[in-house]
Every structure is written in C-alpha cells, then in structure tokens.
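Chain lettering (A, B, C and D) follows the sequence in which the chains are written, and residue indices restart at 1 in each chain.
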Amino acid sequence: MKQVQKVAHLIRDDNEALDVAARLAELFAQEASARDRDRVLPVAEIQAYSASGLLGAIVPKRFGGAAISNVTLSRVTATISEADSSIGQIPQPHYCLVDAVRIVGTPIQQETFFADALAGKLFGNAVSEVGKDYETSTTTLKGSVLNGRKFYSTGSLFADWVPIAAKDDHGKAVMVYVPAEAIGLSVLDDWTGMGQRTTASGSVVAENVEVQDWQVLARHRLFDEPTIHGPFAQLLHTAIDLGIARAAMSDLRDWVQKRARPWKDSGVNQASSDPLTTTSIGRMVMQLHAAEGMLDRAGGYVDEASANPSDVTVGEASVAVAEAKVLATELALAASSMLFELAGTQSSLEEHNLARHWRNARTHTLHDPVRWKPHVVGSFWLNNALPPRHGSV
Amino acid sequence: MSKSENDAFWLDKAKAVGADLMRLDARRHHEQAPPTAELDLLKSAGLMSLAIGRENGGAGISWRTVNEIVREITAADGSVGVLLGYHVISVVHLRREDPTRRQALEREITSNQFFLAGVANPRDDDIQVEPLGGGYIFNGRKSFCTGAAFADRLTIYGRMAETGQAALAYIPANRAGITYHHDWDNLGLCRTESGSFSVENVRVQADELTIEADDERTASIRALRTPVNHNIFTNCYLGFALGAFRAARKYVGEKGQGWQKLQPAAEDPLIVTQFGDIWVELQAGIALAERAALKVGVLLEGYPNFDEKQRGDAAIDVATAKIHASRAAISISSKIFEPMGARSTHNRNAFDRFWRDSRTHTLHDPLIYKVFEVGDFALNQRYPEVGPYS
Amino acid sequence: MSKSENDAFWLDKAKAVGADLMRLDARRHHEQAPPTAELDLLKSAGLMSLAIGRENGGAGISWRTVNEIVREITAADGSVGVLLGYHVISVVHLRREDPTRRQALEREITSNQFFLAGVANPRDDDIQVEPLGGGYIFNGRKSFCTGAAFADRLTIYGRMAETGQAALAYIPANRAGITYHHDWDNLGLCRTESGSFSVENVRVQADELTIEADDERTASIRALRTPVNHNIFTNCYLGFALGAFRAARKYVGEKGQGWQKLQPAAEDPLIVTQFGDIWVELQAGIALAERAALKVGVLLEGYPNFDEKQRGDAAIDVATAKIHASRAAISISSKIFEPMGARSTHNRNAFDRFWRDSRTHTLHDPLIYKVFEVGDFALNQRYPEVGPYS
Amino acid sequence: MKQVQKVAHLIRDDNEALDVAARLAELFAQEASARDRDRVLPVAEIQAYSASGLLGAIVPKRFGGAAISNVTLSRVTATISEADSSIGQIPQPHYCLVDAVRIVGTPIQQETFFADALAGKLFGNAVSEVGKDYETSTTTLKGSVLNGRKFYSTGSLFADWVPIAAKDDHGKAVMVYVPAEAIGLSVLDDWTGMGQRTTASGSVVAENVEVQDWQVLARHRLFDEPTIHGPFAQLLHTAIDLGIARAAMSDLRDWVQKRARPWKDSGVNQASSDPLTTTSIGRMVMQLHAAEGMLDRAGGYVDEASANPSDVTVGEASVAVAEAKVLATELALAASSMLFELAGTQSSLEEHNLARHWRNARTHTLHDPVRWKPHVVGSFWLNNALPPRHGSV
C-alpha cells in the first residue's frame, strides 16, 4: 500500500472550510491573470490548496474528515474559482472521485483513499477519449494490465492518484486508481484550450500499467444504482461558472469605478453615475444573486440525495443542478462580455487580459452541452420524467 | 433587390478573394504580424478601387454592394475586412477635395491600388499644424491608427495652431518624420495594427493639405461622416457574425456531436433550432444594414446636396442597423460554441477570433447611447445632431 | 428603395384610410359586432383591388407595397387589417383559375369592391363535394372562417367525395344553405368573426368550381401558398407592433410620467432607451418583411414559372421574417405599457388590443417549428418542403 | 372607540399561516376565472379570508398576534395570488397600514387597530390622486375635518377602516384611519383596469368627514425615518406577481398535458414529449425557482430591517426587494404570454379566459415602474448608494 507522506491541515467543519477558501482565494487572485496570460501552471497554489486540508474536507466523519455539505463544497468551489477558475476546476475531479469511493468503494479503498485525501493528496481523472464515448472506449483492463489513452484529464498533471476509466474483462465499467508514479503511466502537458488554460487538462497515457485488484473501483455501480455521482460533478461545474461570473463582475466594478470615462452625452461626470450604466449593471447583479440562490438550492438537493439516495431524490438533484447550471452559464457569458461594454475601449487592451473571463466561461460552460438541460427540467416539471443517469446531468 | 451585372461581378470577385483568405491558417488571426499577403490578395483583385467610379477606373458599384463586399471580406478575415472598411471610408472622404484633385487622387489609387489609412480619432485632438515656407509642418501623436503602419497613403487630421481650423493632409505613408509605434496589443483585430504613431516635423506641401472652411462642402462632409463610417462598421460586425456562423456550420457538419445517441449532430433538433435562431438574428442585421446602405447611397449620390431629412433618415437607419449588428455579432460569435461543443475550443481552431474581433470593435462608441439616439427619434422624432459619433 | 409614383399614391391613400379608422372609438376593438363601417371605408378607397393589376382596374402596385398597406391598415385597426390581409390572399390565389376566368373575376372584384373570404384551414378536412346534375353540392362544417360572415364572395375548399381531389368553389356569400354560427369568441381579433360556418346542400355551378388537377399550375399555386400567406401574416404582426408603438408614443407624449421629478416623461433617459429598443426590434422586422416581399414578388411575377431555388429562397426569407415579427409583436405590444405606466391600463384605452391580436394570430402555426425550418436551411442547406404550413 | 364585532380564528404561528393560506387558495381558485370574466367582486372569499385570521397574523405578539415573518407573509400572499391574484392584492394595503401602526402608531392606535385586525377587520387604503403626486395632493385635514378624492384605492370597498393619506394643518403627511361607515365617506366601485379586475380598486371620496385626533397616524415618520414601510409594500407586490406567474404556469401544465396537440413534424405523439416544448417550459421553470428564491431572500432582508431598522438595513431591504420584483415581473409577463404558444390555438378561445393571467400581470406589474429598479440595484452594488425612501422601492 502507498505510503502517506504529505501532511495537511485538518479542517473541522463547514465554517472552517469557507474561511480557508476565502484565505486561499485572496492568495490565488493575485497572479491569476499573469498565470493565464503566460500559461504558467499554478504549482505553488495547488500545494497551498493541498496543505489547507480542503482536499480532505469531504471525507466522512468516521474516517476522520469533516464531511462538509455539498452546499459548502459548492460555495468553496465558487470562491476559489472567482479568484482563479483554473484552480477552481483542478480539484473538481478529485472531489468526484473521492466521493465515488464513499459511495461504492471497498473498505480498503475507503481506508486508503480517505487517508490520502486527508493528507492532502490530489486525485486527478482520465475519462474522456478523442472521438469516443463510453461504449466505444478503447481503454481496457485485461487481467491486471491497463492500457489506454485519454484526453482532457483535468488535474492529472498535479495528481498523486490518477483514476482511469476502463472496461474490465467482463466489459464492465471500472475506475482504476493508478499512482502518478506508476510505470507505464504518462501525463502530458498538452492542453491548449482557449480558456481555463492552466487547468493542466492534458492527456493521460497508460501503457501496460500493472494494477492490483484493490485499486479497481466498481464504476458501473455509480450509474447503475441511483447515486449523486452525476449531479455532484455538475454541481461543482456550476460553482466554477458562478465563480467566473463573479470575477468578471468584480473587474467590471473596478473598471467602472476607477477607469471608465463618462460618455459625452451622459450629463454626468463619472461613468459610475450614468443611469444607463447602472441599469445594465443592476440587471446582472440580480442574475448573480438569483444564480447564487439556485446554487445553494441545488446543493441542498444534492445533500438530500446523498443522505437518502433513490431514483427520485437523485433525479430531483439532477434537475435542480441543471437549473442552476443554465443560469450560471448564461450569467458567466453575459457578464464577461458586458464587462467591456461598460468598461470602455481601453478595456480591450491585451495588457489588462480582461478577456480571460470570457475565454474561461466559454470554454468551461461547454464541458457538457447546456442545450438539453432545459428539456430535462421541463420534462421533469411537466411529466415527472426523471433525467437519464450519467455524468452530464 | 436584384443587382446590376457589374455589382454581381465584383461581388463574385470579392467572394473569391474571401475564399483565398480562408485558406490561410486560422491561427494567424492571433499574430501581430502585418497582413501583407492578405492585402496583396485584395490589391491584385482590384478591391482598393471598390468605392471609386468607373470614370476614374474604379469598380463603379453601388454603395450597397461596397458594403456587402466589406462584409464578405470581414467574414473571411476580420482584420483584413476592417482594414478594407477603413480604406473605403478614406476613399469616400476624398469628396472633401475639389473635383479635379479628387479625380486625380482616385485615379492614382486605382492605377496603383494604393491602400489608404486615415487617422482621425475624434476624441483626441493632438496634432498641431503650422505653416512653414509655402507648406506646412505637422507635429504630434495619435492613437487607434488602424492600418497606418502598412498603408501607401495616409490622411492625417490635425489642427491649425493659430486658427484652430481642422486641416487634413493626404501624403505618402513613408514621409520622413512619421514613426509607427507598433503598440497595438488588443484582444481582437490583432492584425490591423491599430496602435499609435507620431509625427515629428513632418512636411506637408500646400497642395497636399485641405483646410476645412466654413462652407457647404465641409458641412456636407461632416454630415456624411457618421452615416458612412457606421454603415461600414455595421457590415464589419455582420461580417464577424457571418464568419462565425459559417465556421460553426462547417464544424458541426464535420465534427459535431449530438446529444446522447442523436447522430449526426446536424439532426439534433436543439442544434437545428439554435442555428435557426442564429440565422434570424443574422438576417435581421443584414436586412437592416442593406436598407441603411440604400439611404446612405442616396446621400453619396446627392453630395454635397442633400437635406436634413435625408441625412436624418439615413443616420437613424444606420444607427438602428448598428445597434442590432453589434448585439448580433457579440451574441452569435459566442453562441456558436454551444452547438460545436467543448472540443471546438482547441486553439488550433481559433474560433474565439470572431468574438474577440466583435468585442473589440463594437467598443468604438457606447452602444447604449446609440439606443438613446434612436429612441429619441422614435419617441420625440428628433434627428441626431451632426457630431463625431452621431 | 424608392417607390413608384403609383405605389406612393396608393400608400398615401391607405394611410388616410388608416387615419380615419383611428378616429373610431378604441373600445370597439373588444366588441363582437361586424366591422361594417370599417370595411366600407376600405371599399370606398378602392382597397379591395389592391392586389389586382391595372389591366383589370386594380391598383397595379408592387407586392411589397401591398404588404406595406396591409401593415398600415393593421396598425390602425388590427381586425380590419387582418381581414384585408386575408382578402388579398384570396385574390392572389385566383391565379389558380384559367386566365380568362381570372380576368373576369378580378374585374368583378374591382368594379364591385367585393370583399372576399377564403375558407381553407389545412388541418381540417371536412367539407364533402358531390356532383349533382351538371353542378355540385357541398356539405360540411369549417372552423376559423375569418371574415366569412360579412364577405361578398367566398372561396370554399372541399374534397370530392369519390376521387378525394381538392375542389374550390368561388360563390356569392349569400348562397342558400350557408349558415354562419357567429361563434368567434377569442381573445383577440374580436371583429374578424373567425368562427365556424356550415354548408348544407349548397349548390355550386360547374363554372364556379375548380378541381385541382395534378398539373404544373396546381403545383405552382401550392408552392405559392405559404410564402404569400405568411408574408401577409408577417405584415399583420408588424402592424400590431407598429400600432402599439404609435399608441405608446402618443400616450407618453401626452400623459406619460417620468420617474421621480423627471419631466416630461419623454426626456426620462430610461423611457427614451426603451423606445430605442422597441424601434430596433420593429425596424428589423420591417426590413426582413420587405426583403421577403421582394422575393415573393418575384414568384408572383414569374407564376406559374419559378424554380425550386426561387421558391426555397422566398420561403426561407418569409419564414425568417415571420419568426422575428411574431416575437416582436408579442414583445412590443406588452413592453409598451412600461413607459406608459399604470394608468394606461384603463379599459377606455383598450391598449391591450395589440397584445390580444398578436397573441391570437401568432398561434396560427407553432413558432418553434418555423425556427426549426429556418435552422434546417441554415445548418443543412435544405429548403422547406411545400406543405400547408411550409 | 369602535366596537369589535367580527370574530376571526386566531393564527398561532408561521406554519399555521401557511396551512391556512393553502386551504383558502384551494377554495379561491375554483371560481377565480368566472369572477374575473364577469367582474364579480369576491365578497364571500374576502369574508373567508377575514375569518381565517390571516388579517391579524402580523400583529405583534404582545398584542396577541403571531407576528409572522415577512418571508411567511410573502409566501402567503403568493399562494393566495396564485389562486386569485385580485384576492391576493386586496389585503396588500391592509398589511402595509397595519404594519405602519406597529412602526409609528400611538399606544391607543396600536391597541385599537391590532385588536380589530385580530378580529378580522380589513383596512383599505386611499392614497393616489389622479394626476397628482405627494406634493400636489389636495386632500387635507383641516382641524378635524377631512376632504379629498382618491382613486386606485385597492380593497377599500370591502374595508372596515379606510386609511386616507392627507396633509394636516402644518403641511405634514398624515394617514387618517376613517371607519367605512363614517358620514361623508363614499367608496365607489369604479375600477375598470384591464386586469386585476376584481380588486375593488375604486375611488374614495371624503366630504367633510369628522375625525378625532387618535385616528391620525404620523405618516411622514414612515419615510422621514428609516422604516420598512416602502420595501414591505413592494415585497407583497412581488409576491402577487409571483403568484400570477405560478397560476399561468399551472394552466400551462394542464393544457400541455391534456389538450395541446403534437405538431405534425414533431415525431412524437404527445405535445408534452416534444423536446422543443419541454425546452421552452424548462427555461421558465428555472426562472420560477430563481424568482421564488429571490422572494425569500428579499423577505429575509425585510425581516432583518424590521428588527433592526437603520438607513443601511432598510436600504438593503429595498434593493433586495427591487431585485426580486424585476425577476417576478418579467417571469409573470413571459409565462402568461408563452402559455398560449405552447398550449396551442384553442387556448385563445375566450371561454377559457386564459388571457386573464397576462392582463393581471401587465396591470399589476405597472403599479410602480420597473425601469428604474435595475438602476437602484446597480447604484447600490457599484457605488453603495442607498435607494430613495418612498413607497415605490
């Protein structure tokens, strides 16, 4: 079994998690723009995140964790994402795959992985394959040997554990938790998306990686049975979008207060007093507060489904998360574009790098298509139809 | 409305240039290098004399078709289309010259396929002109000098130090004393080089200078400015949107993914309706822009004789079209990603260029004050006053 | 585009009729009484022969101006405008007749200023036609028979009981056996009497009946249906929006209240920008509708010879305009209350008529499937198939 | 002093208020459409409302009431308004003018009016004057004699007390609580708005009405000092809009499930399975849940400002209510119009009277102009500017 070497602070409860996130956010915000511009990976920042104990804060209490609620975890994610949305996204797979251990992990998996999470170890992920879906995936676990090639593997470059989705000898979906230093495992720094540039979402290649039985998690059970795995993942994505929206609006406030020039016909001597400007801003502020409320509401449903999983509670959680996701998506896109309109011509200078909010929003909100989410919401409200169970709702 | 044969000929020619531009690597849009190869394509097709009459060797096409060509070129390459648009604006404003000189300049442009850049940001006012000998001397600095770095001829707007009159020099771009600072580093229109330049003791001959008098021609030229310029801008915005739409259509057809098991992507009903919404938004912009171009065409034909009503109606139609086109460009260039999906964000595609270009140029003047201007007409039946932005 | 003198003459005439219609009490819009006085105004201005050529005594104006006139009349009085629109549609579809008969019918309409109503709801199919003697006999019931209750001539669409062929009777509206049920009780278009009627052993002479053959003319007439009808509908929707806009402009000017101490209301910057947004939305609809009318005009001129591309392009332009106009009518007719304020809801004003009319007629066929149709063209370059709604 | 004759049930707490409202709503919904169509005033319904005890539920505990929270009161109002939005609006002035007694009432006013509210007596209102504003009002209290003419006096036709806004001899704004049977007072049934038709929002005329000192409330103090009077009134208006939106959506659900025909090209055999329909519905459901969240959020701010009134808490409450109001307004208008689009052509038959939702929404949302609310919200967020203090924010 792997030796635990890292040491992290132990977070005791939800309030502490929020405080820690706020402190980290202050730190992460400072160089976020520069990291994005120069595509510098946030190495020290992820170390700080790891040391803060946030990676272990969802571990169940009987394993020594704080078992913070999903409402809290989504707020933590939004706070971090406001400071640097790439850093907000890096631990998203971590939380999903640590929570998966809670749901379907074996006793030995729970003991090992929870201890590692509490120690500040990061779990990455390797699921997507170019041009393939779940059924056509070519990543296989034959006996004890794993082979495959994944891309968009957010966080894996920093990870201590790289959970890799594969099919086993029986054709069942499994998740193989591979240590980063395993022989045959390569993690490539080849992510070149136009936004979320420093998420280290590169490729993962497994060539004849030797695996032991205890490393194999019964992934199929996460979807065969009603579990929060899908809505949980989407909840955190929603929080990231909300964080991006907040970041854009925070820059908007700074610019309008300090830099924007009043328009010659406005009859006011400060851009921030122009009612046509404040009206546009006010509309976005309402959307922001609505989206925040919807994120909390969705977190509450996920908490309920986590405590009492059933077809109905999990379905309701998926629907509530889908609702929040659509609002957060639209707000993030609108705020990051409107920012320029109110901040004025100078805001388009590359030196200010304000476009990163739009690039981040546009890239991250495509993670799964929003276009079918209103259908899922409408079908549930109208026909009581439960949504399909997979990672995208 | 059907097009004349000559207009159709030039439009086809421009579309062929557009197709050539599209064959170049998309990633060049993010580079800061000058678009020399691209401008050469335009010049060899004769597009520098688009807005010049046949009597002076130009294309002799309608103002509406000039605008459509700017839109098509912009759809193919945002920076190049905007450069062509500013060039057209500079050519149109040669109407300030007396007829003989205008004819000579237009013929020179036609035969040499000169690319013009004009330098006149109305919110700055920082180039001074003083008489020297029989000529003049220019000193100062300007920002937002789109295309000046690789123009053949420059129009420089200055102010007479003594009288305060506006003075326009039309000179070769390599005249001694002109320095380009190559400091354009904005999120969009990367290859337009819209940075700053300075003039230091630049000598301008008397016959290269036009001093604005307080006469009818000056008033007419001023009245033309916003309708002409904003009509072109509108078609640039529609070009960004059109380029985005076409890129998305191609990508979805070739690489799109439908939801769940819906294949091909182009049959996903929600993808189809997304395209339907994009189409309606885009076409409304085009219909408004063409209507505005017909009205501006009337002003150009009548110049310098048009009345306040003609000018006012044209200005309102142009403003209406510009508002819609600004919103459509920003919205469509962002919406296209949704049917294309996550993988489309790979930087090799550079699909963000349409949004970057839209977001950059639509900041030219605040949209909400255009809405105010149009609303003031709609509610109070007041035409906009002639001004640098209205 | 400038208008011919004749077109301008008719447009002015129609505007004068519109002004007369506006002088009637707004509250009549909610009544169910037939609009006899209103139709008389239209007839005495000769508007029943708007869509008829000069050779048959008609106005001889362009299809675009016909549409503009429908829009203007609808702006003045929603029900009356829609009645005129349906009348125009009935007249256009007389092209199904052989040229001699069409000429006779058009001359009859012109000289008598007959008001026509057509009865052909494609989703119903419940009038049976049987031969009797040398003529035919009609039996059945129809719903949504706009204007039939006060028409001079009716086109009744039935089906031959034996062969299943479509058969169209064009007969006097007072023919024995026709009963109007006066059961139109919908939220808008209150005075169009679009209720049901039944025909019981109605006798139709052989020369009053056209049986659709499987020939080119039938195919062309079918292909014309949606572009022509929806083009007219689009202008009705824009008429509702235009009427709403004008009513709001007048009310705000006379009675509006600015926020807090801002007076007059017409200078409240947020009221002004609300009008700006309404204007842009409305004008985009008008520009699209006019563009579509030009394309439909080409079909009508070419009839029965036009090709699939011409028909497809016209159908897409019409659908694009209809989508925008539907949304604009519903949105503008509701938005106008916001600058007008709470007191404007007094029933004496009947300002809800614009929304009621818009909301009622835009349900003709589902908007989202029009978006789908346009999207299928935008994305997959497929023209809509000829059908009752496409 | 007036004799208390009515007897009402005594509501004990917030939960009971919600239960009572739900029961009443069921009753009120039955004939709501017919009352609107025939313009029949809801006489029996207001009696039932009065007997239920809801009119006294906001009375402070030391006067024997349940002092239900503003969150609860706004939910009660939304529930009643969903059933019949005119009935939802009728007691809106009642709550405002009973709460005004709590804020600035004299001991004798508090004792009398709270007892009456608990007994089920209804307070109307008479504030607006045609073409006049606060400064140009011509309603005067000269000595003990009141004269004036008001319109849009919602609820006064049913009222036991008609509070009338006037200026006293010193030019100060007062509210004179006049018994409905007072000599010289007429309440006219002349309201002809296109929506909210049965709110009995007619005119009130006072001709030489004799008044005693104790009936005069220091209205000016409601705005001179920081009080929740403004945001409280707006909170209830927001709840009414939300109720209208819910009513429209409830009819939408019925129609799409039971009556709408599938479109020929949809490829489905039930309108409710058409993804283009469910997608449109889903978007509105999200807005509904967001608006509900925003109403609760606003209620929370009003509760806080009520407990600790200050410039800041009252300003924050005004801003939060303004945010909720804009969302509820837009949703009510959108839902009541979209209803037809998805329900199909038959829905426009007058016999179904579905247009009442739009007429109600359009009429009620104009009560105060929404267009400046985003400015208020934006100015606060951007410049920390507190909103003006009056009844419209």
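Simple rule for what comes next: a residue touches a chain if its C-beta (ideal position, glycine included) is under 8 Å from a C-beta of that chain, and two chains touch if they have at least 3 such contacts.
Note that this is a predicted model, so its numbers are computed, not measured.
Engineer: Identify, among A-C, B-D or A-B, the interface equivalent of C-D, where equivalent means over half of the contact pairs coincide by residue number.
Structural biologist: A-B
Engineer: With contacts counted as defined, which of the two, A-B or A-C, has more C-beta pairs across the interface?
Structural biologist: Of the two interfaces, A-B and A-C, more C-beta pairs touch across A-B.
Engineer: If you average the CA atoms of chain A and of chain D, how many Å lie between those two points?
Structural biologist: Chain A and chain D have C-alpha centres separated by 42 Å.
Engineer: How far is the middle of chain A from the middle of chain B, if each middle is the mean of its Cα atoms, in Å?
Structural biologist: 41
Engineer: Measure off the straight-line distance from the CA centroid of chain B to the CA centroid of chain D, and report it in whole Å.
Structural biologist: Taking the mean C-alpha position of each chain, the two centres sit 53 Å apart.
Engineer: Quick check: what residues of chain B touch more than one other chain, meaning two or more?
Structural biologist: In chain B, residues 269-271, 273-274, 368, 372 touch at least two other chains, as defined above.
Engineer: Can you tell me which residues of chain D touch two or more of the remaining chains?
Structural biologist: 275-277, 279-280, 371-372, 375
Engineer: Which chain A residues qualify as touching chain D in the complex?
Structural biologist: 253, 256-257, 272-273, 275, 277-283, 285-286, 289-291, 293-294, 296-297, 320, 323, 326-327, 371-379, 381-383
Engineer: In the complex, go through chain D and note every residue touching chain B.
Structural biologist: Counting only chain D, the residues touching chain B are 275-276, 279.
Engineer: Tell me, which parts of chain C touch chain A in their complex?
Structural biologist: That would be residues 269-270, 273 of chain C.
Engineer: Please name which positions on chain C make contact with chain D in the complex.
Structural biologist: 185-188, 259-260, 270-271, 274, 330, 334, 337-342, 344-348, 350-352, 355-356, 359-360, 362-364, 366-369, 372
Engineer: Which positions of chain A touch chain B when the two form their complex?
Structural biologist: So the residues of chain A in touch with chain B come to 130, 152, 192-195, 263, 265-266, 276-277, 280, 333, 337, 340-341, 344-345, 347-351, 354-355, 358-359, 362-363, 366-372, 375, 388.
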